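What follows is a set of structures to go through.
The same chain A turns up in both complexes below, where it pairs with chain B and then with chain C.
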Partner chain A sequence: MPAEAAMDVGAAVAEDTAVALNTRSLTAGQRLALKYFTVAMVLFVAQMLFGLLAGIQFLYPEFLYGVLDFNVNRMVHINAMIVWMLYGFIGSVYWLVEDEAGVELVGAKLANINFWVLTSAVAVVVVVYLVVQVGPGKQSTIWLINEGREYIEAPRWADIGIVVCMGVFFYTIAGTFMKGRWSGISGTLVLDLIALAGLYLAGMFYTTNLSVDQYWWWWVVHLWVEATWEVLVGCIMAWGLMKTLGARREIVTTWLYIEVALMFGAGILGLGHHYFWIGTPEYWLGIGGFFSALEPIPLVAMVVHAVYDAGRHGFQSSNHPALAWLIAHAFGNFLGAGVWGFIHTLPQINLYTHGTQWTASHGHLAFFGAYATIVIALIYIALQRWRGDVWMSADLPDRGWKWKWSLILLNVGMMGMTIALLIAGYEQSFIERAIGGSTWAAFFEGQTQPWFVQGMQWRMIFGVVMTAGLVLLLWDLLTIGRGETRPAKEVHDPAGPSGAIESGALSRAPV
Partner chain B sequence: MSEQAWWSNQDFWRKCAIFVTAFMFVVLILLTFHSLAAISSGTDRVPAYSVINHRIDYRFDEARNMKVPVIGEEAPLFGKVLSEDEARELVDLGKLTVQAKNCMNCHTLLGNGAYYAPDLTKAWLDPGWGNEQARELLMTMFLKDPKTNARTYGTNRRMPDLDITDEEVRGIIAFLKWMSAVDTNGFPQGFEPLPQGGS
Partner chain C sequence: MLDPVELQRIAIAALSAGAIVLFGAFYAVCLALGRLKTLAFLLRISYLAYAALVVATVLFAWAMNLAGWWLVLVVVLLVGYFVAPRAIWRLSVATHESSEPKPPTGAGGNE
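Let's turn to the complex of A and B:
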């Protein structure tokens, strides 16, 4: 158990250096969270590595041809992303569950076994992706190698395993809240987890009919990333703002409800923007166009919420890196999911942009901005406690250059990639779609235009910038707070006690 | 809390969240029932699998102001008329192979997938195959040996050899032919199919 061993070492260091401070040993949920965060970061590295390989292949198609072809690299790139974000979410929920419920984690042993089962399964799936890659056109390939459906390529045996592991995860979380106390945040979180796990089932079947296949496939992909994941990070954000700023529970909970109403109000039927061109009836052009155009509104609300709260507290936070990443999340979510989604969501535009680099541009910024950022924020919150609740506000050693520069490099790298891909996408939709009529010849005509190629070159350059940011981030995560002796800065709401659960907002379940 | 304005009231927004979510979900369920009926195979929008026995064209429809697939006279795939069951079996093999070979992580299908290789929505009708007579042979040769018969249009982007069997090749071609007959609301825009019926 390398993660646990690392934690023991860390705890020893923290005891040596900060023994006089309010060091508390980590709870079972928190120890588990650190394991999930560790795997999440390993998968983040894998995502970056295979993204770089796929990016190089756009420029040099002979690179690794016949060894690790583009489809393999791309599959590992996007699967590593989905899984590290899920690990980040699970880790975040395990981190906050005991604090929020006020009791110890229910089923901690089971949860620990669950972690190792899930992680072993992920490792086996990745090895099979890389070594076996593809199989014959038989059901056995779908069951054992890969399902060949973007984002949910995991073979069926792993699907079933994932559902079982999610069931165990859900049991431990819901059980903990039931034993302890409920709040607006935990109630929303638990209901959202039911929807999130249930939706995965919609992707676990095979059909000959491609239109039906893609109909349900989008139920998983869209209703995860544009609905239930958004609400999940909304819950994490609410908790994170209370922790880092001392924001009042009543305020963050009210905002959470507003965001849920707007997010599901727009996002559920916003699913229709994936039903323009897959064979589904024409009414989806209107429904999908209208509701998906509303999807940025809750994301604006999140920015207002986060920035207003941070400003109201004069940016006095107990954890500067975490707060910075929470703010990065608010803006990244708004820009990547909101603005970049909106620019090609109307059917009149999407007719030309669907399936071009526009989508890649949007996908990159949205996943990073909405999800990578907030997981990183929660990891910083976790590390602060792990080090013994040490100081992580202003005046860090070396002025905290590592966290600041990793934040800058990762965000600048991602924005650069996004803009480069968008320019390539503009060019592609003009040359291939509008002028060339989407034939194969027109596709390659677009791909060889200098502006497209330059877009791919700049994407690569900014990808390297991002990689440098990731290296720095990992270095910072391993070292921040080490040797720190000052206790964490106390934060509170100017208007009242921070993070306290109002008597009316909770009810204690009978034990 | 009683003097609070309604718009800052937590309870109001909680109820809003619950009702809005429930309402939207019910609407989605109702639309799903309708849509699934509209896209089952053998409907106006998604053809029966035996459509592979016919010529498929892609023409402008004045009333809908978009191009739509037009199913024409009999033009059996590989010269053999198949029953609906046989056709379904062949298309099914093709669909399964397309998934098993992870085609979607280079190509797009109905515009969904990866952007490294061309969209396959109208691959059956692509003018790159030259004419109807050569198409089946060229597609077969390409899928059997994509390295030698690479179609890279001046780029070096070649499809890898995916060990596709003869039967799988026929399945893939049947699947592509079937897919080209799906009514995609005019996507891709402006696509001109290869010459049909010797025209």
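Let's turn to the complex of A and C:
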């Protein structure tokens, strides 16, 4: 290639890059958020890959046996999910904190160091999981290798590190709001972060009684997922609706309070549905069943508000992919947590379904619908700014086929997988639990039945569909808005002035 | 005392539970849309959806062997699903009315 032509290409690439990414326009918190989002997506890929491997092992149990055992695969699959969602939440909070507080991030350098420490710790923990898969269980293994508690297996040193990192995260966020201005969203957020970090402590100590141990362990798992995470997502959703739809601050704040009240009303004692079969007193059957059964009612009631708002205000969106994922969040949360939760929440049926693929079916759809979707929505909001507040509404140059197809494939894949797991779980509940009486022999008998095997095959197929969706999603995240020169569509609530703090209100000088 | 669901009723128990939530949502959507657009037929459909919810709840109670104080749950579910969407509607109207800018008043306000 002639030198002149090469220089032209280089200049074109440079110009394209300048249009593509506008990092200098971002605040310190937003730049940090992008790092969290990047790691979140890497872990999303890891979650998917380890999930696929575990899915194959259900069909071919000898696959990678002795190299990468199923229990390790499953552990990394689930841990990757929890950590990528936490990274997504932390990134989302860093993305909105300066905008919401109206001042620059407090302790930006410390927050950056915190990110690298946390990420290094996560990497070390995963490597140790993979390198030390079997061995004697001693006191030292609790500290260095694996604490042994399902979902929160991180060794004790990492546990302490996570609490310290969460403390630093809390300091930077609370400090920024204290220096700047408070709002309903920020107040709720800060209180929730205290609960989020505090609850983790409940999963860090051992007792010699397994029932007591599990009792406290569920505090972390349930009260994170069905209380503090939900509130955190509510805060992110409230801010996201102001940004994408121009919804008014007074309204989203009011509804945030109502949502928190409703969620805590049924969600905290709904914890009891995990206490059915771990040796706790019998009254938990009644408490857990009763309050769990009430949990979908707030979700159903919120449908009315969504219809009311959509019909009354005729919102226009400044970011179609983000809005589409926010809508997917609403539906996913309703179906995954509401419908799939309620169908087996009473002890009368949970006796048979608890811990089967039925539970896995509920877990997959609920986590994806309630949490993965909203993190992806926030990443699209962040990308729009990173590209320089460019157009992301209708009429994208490629008609937005990548984001649309990734949305379709990921959601269809998840629904297909959920239904396949439900069929397998139904069969398992029937053969293994109700007929077989939960014996060891019945456990294997259940897993050789045609419906179980076919369910697992279909789960694998839909897992591949989801993987295709993830590939498209990543491709879209890397390319959407590149070369776009139109400014973002301005949105406002047609019924009144936007209560949102304007995007450009904060100084964007690099910190 | 807990009486587990019988073997042949596991599917009915799960399907009726799902139907309760789905009919609850359908009732809420029809109620909200019917009031928003002032369409009487949607309001009638919302009552049909609620009637289906009642049937699903009765089926659910039968399949799950709900007896004794567990029947309180059935009553709370029926009342909750009926009242909650209406309460949220009232709340929606109230919050939007109180936060929307009032039309200009006084001399020249309508000129």
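Here is the rule we use: the second predicted complex is superposed on the first by the 459 of 511 C-alpha atoms of A that agree within 3 Å, B and C clash if a C-alpha of one lies under 4 Å from a C-alpha of the other, contacts with A are read in each partner's own complex, and residues count from 1 in each chain.
The working rule: a contact is a pair of C-beta atoms (placed from the backbone, for glycine too) under 8 Å apart; a residue touches a chain by one contact, two chains touch by 3 or more.
Please read all numbers here as calculations on a predicted model, not as lab measurements.
Q: Would you check which partner chain A:434 touches, where first means chain B only, second means chain C only, and both and neither mean what they say?
A: The answer is both, since A:434 touches chain B and chain C.
Q: Between chain B (first) and chain C (second), which, if any, makes contact with A:334: first, second, both or neither?
A: Second partner only, chain C.
Q: Report the partner of chain A that touches more of its residues: chain B or chain C.
A: After superposition, B is the partner touching more of chain A.
Q: Classify the contacts of A:301 with the two partner chains as first (chain B alone), second (chain C alone), both, or neither.
A: In the superposition, A:301 touches chain C alone.
Q: Between chain B and chain C, whom does A:412 touch in the aligned arrangement: first, second, both, or neither?
A: It touches nothing on chain B or chain C.
Q: Have a look at where A:42 lands relative to chain B and chain C in the superposition and call it first, second, both or neither.
A: In the superposition, A:42 contacts neither chain B nor chain C.
Q: Regarding the shared-chain residue A:285, is it in contact with chain B (first), chain C (second), both, or neither?
A: In the superposition, A:285 contacts both chain B and chain C.
Q: Have a look at where A:352 lands relative to chain B and chain C in the superposition and call it first, second, both or neither.
A: Both: A:352 reaches chain B and chain C.
Q: In the overlay, answer first, second, both or neither for which of chain B and chain C A:254 touches.
A: Once the two structures are laid over each other on A, A:254 reaches both partners.
Q: Can you list the residues of chain A that meet both chain B and chain C?
A: 250, 254, 258, 282, 285, 351-352, 434
Q: For a test of understanding, state which residues of chain A touch chain C in their complex under the given definition.
A: Spelled out, the residues of chain A in touch with chain C are 248, 250-251, 254-255, 258, 282, 285-286, 289-290, 293-294, 296-305, 307-309, 311-312, 334, 338-339, 342-349, 351-352, 426, 429-430, 434-435, 495-497.
Q: Any idea which chain A residues touch chain B in the complex?
A: 54, 57-58, 60-62, 65-66, 69-72, 74-75, 133-139, 141-142, 145-150, 153, 184, 188, 206, 208-215, 217, 250, 253-254, 257-258, 260-261, 264-265, 268-269, 271, 274-285, 287, 351-352, 354-357, 359-360, 428, 433-434, 436-441, 443-445, 447-448, 504-505
Q: Over in the complex, which chain B residues touch chain A? Could you list them?
A: 1, 8-10, 13-14, 16-17, 20-21, 24-25, 27-28, 31-32, 34-36, 38-41, 45-46, 49, 64, 88, 91-106, 108-119, 121-123, 126-128, 151-158, 160-165, 168, 171, 175, 179, 182-192
Q: In the complex formed with chain A, which residues of chain C make contact?
A: 2-5, 7, 10-11, 13-15, 17-18, 20-22, 24-25, 28-29, 31-33, 36-37, 64-66, 69-70, 72-73, 76-77, 80-81, 84-85, 87-89, 91-93, 95-96, 99-101
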